[in-house]
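Shared chain: chain A. Partners: chain B in the first complex, chain C in the second.
For the complex of A and B:
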């Protein structure tokens, strides 16, 4: 699933004339990631790395990140930096809980989208109409989201749940699994054969306990791609993020497209909040529930180079890191370190082939350090493990950010005339 | 030079502007402008920077509405509210600064805003390929614009206009970004399209180009049209005088004001490339005296920039000394050197001279932040700075609605006048002027020359670096030729010709008695 991390060796240094189509690179990346994980789990003796349970948790945890990232994608493609995703997500969680305990999960979804969109609308008014710095407005919305929901929770949830920090339980979606396939995959997984069991475990995790929200989120990804890259509306929206002056000179309504993009962005972030509230493990609003996932979503989008495919890879990576630490704890996260060492080995070979001595040397040093860490520790301390997703975010962005290409007018306040 | 006129006189003119007036707060950009463009001709609109050409074209293209006056297209009076109205009337504009999104493909850039014509898919692609031939663009529509060179980007801009069905094409300073060969290619394209019936409005202040391409010329000065001319009979000098409204200035200085007092003394300065591999400056000795203008000639990239930056303290010399009025400056920083009395007109005013987003008075403080009138003790004196900015605006004829507008709102010539005014404030003893009139219009050029001459007569020492050899010969008392980091020859500005200087600059050796070599040029060195 950590497809995009594996992409690095496959993309040539100058990605101008890419001979291999994007989907093929992605498939190679996915295959490479599965091979890497299965070797790691075989070598370290932790089948949890590719178990169906881990995958299932990873999917659930990746959903909010994916949706937040998708929200970021919409806004930033239109040239508005949306650091307020976190705040819009918080508003989404509250809205989902408020509607969810009264009218069920579908109402929760709708309310989450509406609340998130309101946050987006506020951001659009501030940044587009009044030309407020995008970061300032975004941070303000994060503070506002946290403060407003705290107030509303005390007002509305306290009498019901006797807890100002938590909502009454929300009814969950019925989940469904692909009946025959799941059992068959389960047998394969239990067989503990190299690679086959790993693939079976991951597939089983993907087809078991699927909620409608998962389906919606997965469908929103190609839908966003189609809208943004294959329609007239999308072309205009992206042109606004690349060069608003040019777009304006050609009769494109710059403000309108920015507004739509940021409102949709808020709606998607809100939906991400609903994904947290409707998570089977939780099923209620909790203060501080988002835990920075809006920011991680933004990071996933940046990691994915402002493209939906890359964003999916980023969300999967962060979801997986999160899921692994939640389900299995420090020992398995340590096993993942072993996997990273193998990956670095591949990178070293690749860099040597391309005669990039410095990069190769750097990769060797990091690999040796990580390997020493791996053999000297029995497990990663618990305090550290819960920060695994954040650590992964930092590491990945530090490495990946060199080749990224953001929309040219991203974060630039546009004034007509 | 110009191609034969294919305009038919019996048709109504393609565009007629009558009595156009446009006011902005503080300035009148256009007043009572009259312009007639016949169908099928290349009509040039000439004027200095800031004369109001761009505003006029924005009005014709619907980006701004005129306060008074009428626009007629093909004999019918029209009223444009937005550029799309103008596009519908068959008018297209190629902006001076390209209006392209680099990260989108050629096709996306072309169809943007005109998706209704052929969609955004295969049909549009076929139409683009069909039209590409007319502009000489030979790239796949799926290529990202960022991969194209400047000339091809301009073709994409023309393509955008054609795709929308424009018949009248406004080219706003189209050659400003092109190298001479590309200019010729552009002119070939324009002539080819003219034969297919397109009409061009060509905006420029490069008069040779105007005479090469235009069928008729209209001159605009200080916001109003002052007349028209036939490019086949008018000379560039006559056109220039129409643009400026008076006789052309010349950089010529009359009598020598050179004194014996040494102001700048550079001795044995050496400078290595940052990696230490190769010398950029080698044993440069240079003396500038009070009342003297020392000009440095050289092909760009031979160390002139580095020499200036070393004197200013922006680079640290490897060895050698720099002294000003006998005081050793070698170990001082840039600010201390400026305080010691050096004024500096940098070669790139946008990178080193100005903060474009800041108001004029704020820019006045830069480099003077420790001195009166911009500072009092440790505090900035904004009132003093503003008052002094008013003085510069008045004395140096900086055309601006006020001192609170950002520097970016001024035209290049007016920005440069502000920079020169600032650098001549605070009684400097030495002025270093790098390409002081590069990219400015004739009027600003004359003013800057006059100010340098006046300061020289008052005893200022000037180190002048310029690629404009006429300017260099006209202003300088002494000319030194720089080649590969050395001052290789001296030339006498009274007798030297630009051709002589040119051959000395390329290292071809001295061809005239006016240039005498001071250092033997080693051949074959790279």
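For the complex of A and C:
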């Protein structure tokens, strides 16, 4: 009976529009992004745009977003909306700090996953067993996560650090760099040659100061993809998110799969919290440390159309904007606006070729507006750069909400029988 | 009787459950729960606590009303948090920079705050109506942007000024402030509380005695049935979201007009999320919300006494969180129980299950 689910259902010949495979599109996108950045940094005179330092910071800042986004992906693929990611992430930061200052970074990771999963378990009990509205439960978990960690910090961290809002310092991971490659790339980067130096800078940022956590986070992405899209378990989990009644009628344990998905989701969000605590610049728990990154993770997932590849793109973009602002301030971020104008120029040409006059005109208007913004401002105020993810998400939703495709039964309370 | 039981039992269960939970947490952490709860109760009579509770109740009440309007038609305005923040900073800037006679000045500030809140809510509302964007995601994003915008507006090179260690907007002059009722050493009650009460009455009348309220509730019960009955769904979304935003804009006014007179870094954040919790607790009913707001305010203000008996007062936040979660679970359980008993009753009367059971 179950084997019928695994066979590809016979779909009456749907003409496939896309002849290029997904990975090729992704590679083209990455190459395009680098070319764009390279041109922008050359035109505006900001080599920081593609420097290894920026890339390194971007990777560090993108990790928590990526992990939270993965958490969102797991839950939503099983049809449970997880606004509670933020609360689970907060619990993860606390767990990581509590175990981290006593037993080192590996224990911190484990504790963060456990604490985050507990939040996930709570969300699963409320939404799956009791059928509480997913948003309501998520908001409650965010309140509860914040309150619980504050209470525990006052109780446990206050005597140790004399500060109820901060934990004692946590031991960090040893980072490693690919020695020979890094030096060679460093020479290339210093050469300041168009494109080659830029690629070298980005690559060098990716291979220096890599911590085990970075590796784990990066590996979790293909692992999630494999589990969710290439295994029997993943197919069942996603079928639960698309049509739980149909899945149930085929013998899939709907409640079980939802529970697993939401608990994993919490664990991943908790790991995202650990990534914040074990960040070399910080190395302790701080109240309010997550700063809405759980929500940004959710945004990255939506940006990526509920797919792992797109999620990586979203997390990279948001982490990059954040890292750029942190490393070199608002004027380099303004240079990014210039890059967006170039991108829009390409889009205009593309739309003109495809004879989509309306879209082309809209793109031209936006491009002109952004260009005016670019020449009239000296820098983007730092207050806004941190919220670039929010603006990008709103823009993406406004432009492409018709094309985004979320799991069909996402957010729908399912009750058996 | 059973009707009332279904409404009152879940919150009572949730509160008892949360008290037990927190009691257990206190015992584990080595404190005496009875002395902790006792300290909270006796705190009410001390100093300005009682007046603080009343003031805070008014603020929470407005916040929960703002959320409840959306909830009535299954619209999740998670963005109350951002709407009241933007409204507060805009109202403070406008109020501090215009010169008007007493009374009119206050009125202008109130109107500006409501308009600013509505404007901030208009973005997700328009996105939802024209592009089908889910309001939960867009309002969360707007919350983030609101923090950025308010931080930008109080920059010293924009509208802010440095006072001691704090950056704030220009102070609202005497003419723009609102009266308070002073109880000597026991504190001053915000005059804006009367506006809060008026809003509650207005909300009840709107929901139960107007066509708009009927259509709103009908859309919440079943959007398909409502649109079949001639209710314009898009218009309802737009109007209720704007209304919700406008009321959200008023949340910070009791403090702004009655105490602070300026928007600074000390701004009280998080009331929007509390509003969501209180609206859930009170089931969107103006009376229920008032009770919820009072409970929240009591927990907040009396919780300060816990530090004196050696208990971290953050236990109160845990209690609030567990009350929300357990109350929604309790409502759901009671609803299912009543649904099942209703089905049994109907089944008995029709005689379809009588024989089998």
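To be clear about the criterion, the second predicted complex is superposed on the first by the 387 of 417 C-alpha atoms of A that agree within 3 Å, B and C clash if a C-alpha of one lies under 4 Å from a C-alpha of the other, contacts with A are read in each partner's own complex, and residues count from 1 in each chain.
The rule is short, and it goes like this: contacts are C-beta pairs under 8 Å (C-beta built on N, C-alpha and C of every residue); 3 or more make two chains touch, one makes a residue touch a chain.
Since we're looking at a predicted model, the values are computed, not measured.
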Superposition-derived comparison: chain B or chain C, residues of chain A touched: C
First (chain B), second (chain C), both or neither touched by A:379: neither
Chain B versus chain C as contact partner of A:242, first or second or both or neither: first
Touching partner for A:150 - first (chain B), second (chain C), both, neither: second
Contacts of A:331 with chain B and chain C, given as first, second, both or neither: neither
Shared contact residues on chain A - chain B and chain C: none
Complex contacts: residues of chain B adjacent to chain A: 63, 82-84, 87, 93, 95, 98-104, 108-109, 111-115, 119-120, 147, 160
Residues of chain A touching chain B in the complex: 16, 230-232, 235-236, 238-239, 242-243, 245-247, 249-252, 405, 407-408
Residue numbers on chain C that touch chain A, as the complex places them: 25, 29, 76, 78, 123, 127, 131-134, 136-138, 140-145, 147-149, 151-152, 155, 273, 276-277, 280, 312, 314-322, 324-325, 328-329, 332-333, 336
List of chain A residues in touch with chain C within their complex: 81, 83, 122, 126, 130-133, 135-137, 139-148, 150-151, 153-155, 158, 164, 292, 295-296, 298-299, 302, 381, 383-384, 386-387, 389-391, 393-394, 397-398, 401-402
